């Protein structure tokens, strides 16, 4: 786990979040949600800081972070691609979609592209089964996606339309 | 916003609201309002319901048609999102499916202005428990 | 107190409400096999996650099988513990565990002592029907503990000990599903975590996932090297448990046989850590009295209460978790390190051997001692004061290796001058023992009067937190005792908030004290064994001619010939140490 | 303003074998043209009426005539008889199945509308972010009635009388659950709304929270009143941002109106609600795991008893109810238990919301009374199978459920029938599968899901499911043996028998039900190494049909692994040892020369 030095700004943000939940150990998951929302991901150093602020064991914080699929310890791509693998989407060909994206970006699920633009993971059912199979890029939902459309969708972000503000660490 | 301190506060508020709606639905009040509800659930928005809602508001304003466009929850027709429900005064509410910009314009033009029906009407296929 | 009546295996049973099926069956002699369940009776330690599912039984009217360990009895229950359906389920469950378990029993440290191994034999498992991928994890060797998580069966005992009993919080379950396992934060090595090596996880681990680092090989090499003089010191708690490895009843004292066995193994000098325990009492007792007199003399910033410092796991605990209190514990080293320091200076000169050619081996009931002797400050330009620390289990292994028939050995004495010890030194091995030994000496030195009684029963027992007030000739001295780091934490928090009214506190990391150490023969969750070992130490104490540390002639000789006086400049240099803030490790 | 006097609505739903309806519309238009009525009569295509069994349908407004099973050639009779002579065409009218009387006015034909909306009563009607619209539809009247006129026990009895059962999948009687919590004594009790909805293919909780959050808030308050809890918690999935935002707005408005907070309606009863977020763990749908997650711990279940009603969140008595269960509570209070009890079957009362998805035309959220048959749901409301393919099975209950085939289509849906049919109600996900779906890979898909979502605490689920998945994987790769099948079944039984929580106890269901219903398909994979549905990649063989192949080299250029060889304008061949069965050539070939076997 490469050691990174947290910027003072990040330390302030994390402390603020913990304080907003009265440094209560029972609010760990809410704290982690807020931290990931503000910082983009949860590296080891952030987890250590949270454990310190909530006065609890670091191993327990890591145990919670690795239990829930929502929290990730590696930076997400600028444009996180998630393929819905719910049953409705699976039956309508989500596996071929996933296969096609892997081929196009040649990364595996859970990885990010070297240039940090795209990351790929699977989601458990986004709840838009009417549009199966569904692919999400960030918050944007693409419905009734066919493997052939993947190239077009990626291209849309390739030229880099508006870049969301970069999370400095 | 006054707090509802007792049961009759609630009753009064409810009666007031229901009267306002009946007035509007019976259509005999002066400002002859058209009510449009847009299904704004996650899958609705994902299929473009937000753009349709803005488009409807601009179009109706342009054509100076008195109308209230409001958002609502999912109506259950996932295969036909985005879906909208149009209530023209004096007529039963009608639900339209697969409403893109082109079809929305057609609904305004034909149904709201000329009272003609338009393709893609979704018949009500459930019984409600109001009656 | 309402009783519940039920039938188990067609036998009527009547037990208290709230009893589990497992215990109810045990009361009528029915042993339901279980793996992850563990209960240490009066140390109120219980582990029943209900995860292994080996103890499932058939309950009439229930759709699926019920885990006996965490299903409480209910009125009129009808239970079949060994129906074919339950046996088939149990065998399949154990087959599943074995399908994700390495099959290297031949070279596994736990072979012969492994609960999974005996369970598989008990269930007569000959074939694993469901082969498949095995979960693999990086092996981690720390100064004291080896973690081979491929052998972990996720019984959660170590997680429970580390968090609920010891409150160290070095271990937690991580990941989810097939790769869920118990590990320190970020799957780092133990020596990067807050682990204090108290070894309680090693003591309860049912398989070979957590074992102590094995130094028998190194000791054998030293013994077979003619150029080395190899001496050994044995800890107080070892003599009350070593016999169990050879089939003795728990609590059998084997001091004499142990000395005889060590001599036959080829140790040049067989000494006793109890000698250094008496030395510790002198040093620590004096330090306590100095602080007391200063306190009574009105010095406001003297550090009271004073805490004992002989347990290395407890030292690492406050270095990590209470760095602001690190100058409160006594600066005296532990008996093991005092012994090493004296051996490699005073004794080495006496027998004319250079410290590099003198190998000091210690036999300890504990795994943390392996870490302690590897600490920087306990070595002189690279040569450690204590070279190797073996656990009681490793000593038993050595004795078997050398084909020594332990049970028929004659009783022999320790060598001199570092083999002589008093009753006070022996009781170091149990909770309440160190402070009782200190009181015996401090009372006589402080009041100048002879003790009327030697047995301070108010300091003895097994409760996690104990306190007593001893009258020092009109001056009430308040004493606190805690064993198990979770209990220690409560006392430390009182000190931090200035609420502690104690003068002296004895703290030991392991429940029961060193008799329950991580290196002792496995108790498999039976607390009776700990109590019997405790009784044995008090028996040896009352049988000793001299029972007060300051009356040990060899100690007085050591001071005259070498150290001068307790807390002298030389004693300070050789027998005292300092602590480090490890909270930012 | 209405220049058209008559409207002819032709059902264009894809279910009504769409080709006929277009033909009917064209014929009607030409007939109207012929009798030059085109400025008085308008012909329009509509969406599906939800009565596809009797399709295609033509409805005439304003007199509401409802013609069924209309053929293109009937268009002329409809125009001449009905439009011109004003006489209804008897033979096309729908015959009431009881008395075989033709029904002329569709106003009386309420019964063909199979759905009854109770939990979804406000969805699509009110603006979820405007509390007034909820109050206008009797919102909070139930709470007012409870606080004002009833004791907690009376309300509990009413709910017990209604026969309401848990809609999260367990089916535990709601009234009884509330009663147990009300009897537990503690200084603090909790009401929890379980909005974790981890079932893939289920989204009814989301729609209710997005469409009508207030009904859930009101129900939680009522539950708080009955059980003596003053604190409510909604445990909601982090994957539902819109539902979270709508819930927050609704709670804020309810507080402003004094419907949440202290002394509601001036009575001593106080109740407030806070949100707790899930973080992507299906197992947290289980009560004890959910409670651990709310306490900031790993979502690992613990043994029951003690049930949460006795000791749950922070060790205090806690009532955990699913969103849908709560949504219909206000209706039970307002319209009375008898009304709710009159709907449904003997032991399963009221309605159930299903998320109908998969290979079906009308994917959608439907709410049907208990006792409706699967056939009505799939072929009437659902509009039949997409692309006219043959129905194969419907999967209910998600990863804990099973699949039901043709022979179960007429099973009335309720908790017990579904369980005895080898499946279970589950939260309501209903995935329809057609002939192209391979049941072995569906079972493998669900196992892979359970594998990812198992918390790993107990042996049978952590290791057992992994072994089940490995055996299934072997079978889908054609390496399975018949002995594997028997081993699969026996391991499934032990896992069901010994797992700690519901996830493990039900994870083998998809396998057991596909084994029971499609054993021949398993045998095909194992014996002949063939996948009848052509889904299992490694068993599929792509071959080029030489007389159809024109040698256009399109497949050759697109094959990612260069498994295709052949000269320009000469028939090509596929080398099956290299081919990775990606199917690109099959999609690209314009001459349909590539066949899948």
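As written, the chains take the letters A, B, C and D, and residue 1 is the first residue of each chain.
One rule holds for everything that comes next: a residue touches a chain if its C-beta (ideal position, glycine included) is under 8 Å from a C-beta of that chain, and two chains touch if they have at least 3 such contacts.
From a predicted model like this one, the values you see are computed outputs, not experimental measurements.
Among the chain pairings, B-D comes first (most C-beta pairs in contact). Annotation: 57 Å between the Cα-based centres of subunit C and subunit D. With each centre defined as the average position of its C-alpha atoms, the distance from subunit A to subunit B rounds to 37 Å.
Spacing of subunit B relative to subunit C, judged by their CA centroids, is 74 angstrom.
Centre-to-centre separation of subunit A and subunit D, using mean CA positions: 28 Å. Multi-chain contact residues of subunit B (touching two or more other chains) are listed as 42-43, 45, 78-79. In subunit D, the positions touching at least two other chains are 203, 206, 240, 281, 298, 357, 363-364, 452-453, 455. Each of residues 173, 175-176 in subunit C touches at least two other chains.
Every pair of chains in contact is given here: A-B, A-C, A-D, B-D, C-D. Those residues of subunit D lying in contact with subunit B across their complex are 1-4, 7, 9, 11-12, 42, 44-51, 59, 110, 113-118, 120-130, 132-133, 135-141, 144, 148, 203, 206-208, 210-212, 240, 242-243, 256-259, 265-266, 331, 335, 339, 357, 361-367, 381. Residues 49-54, 56, 64-65, 67, 70-72, 85, 88-89, 92-93, 96-97, 99-100, 129-130, 132-133, 153-154, 156, 173, 175-180 of subunit C are the ones that touch subunit D when the two sit in their complex. Taken in their complex, subunit C has these residues touching subunit A: 163, 168-176, 183-186, 188, 193-194. Residues 281, 298, 300, 302-303, 305, 451-460, 462-464, 466-467, 470-471, 487, 490-491, 494, 496-500, 505 of subunit D touch subunit C in their complex.
Chain contact summary for the complex, subunit A toward subunit D: residues 25-30, 32-33, 63-64, 67-71, 85-88, 90-92, 96, 99, 103, 123-130, 132, 139, 147.
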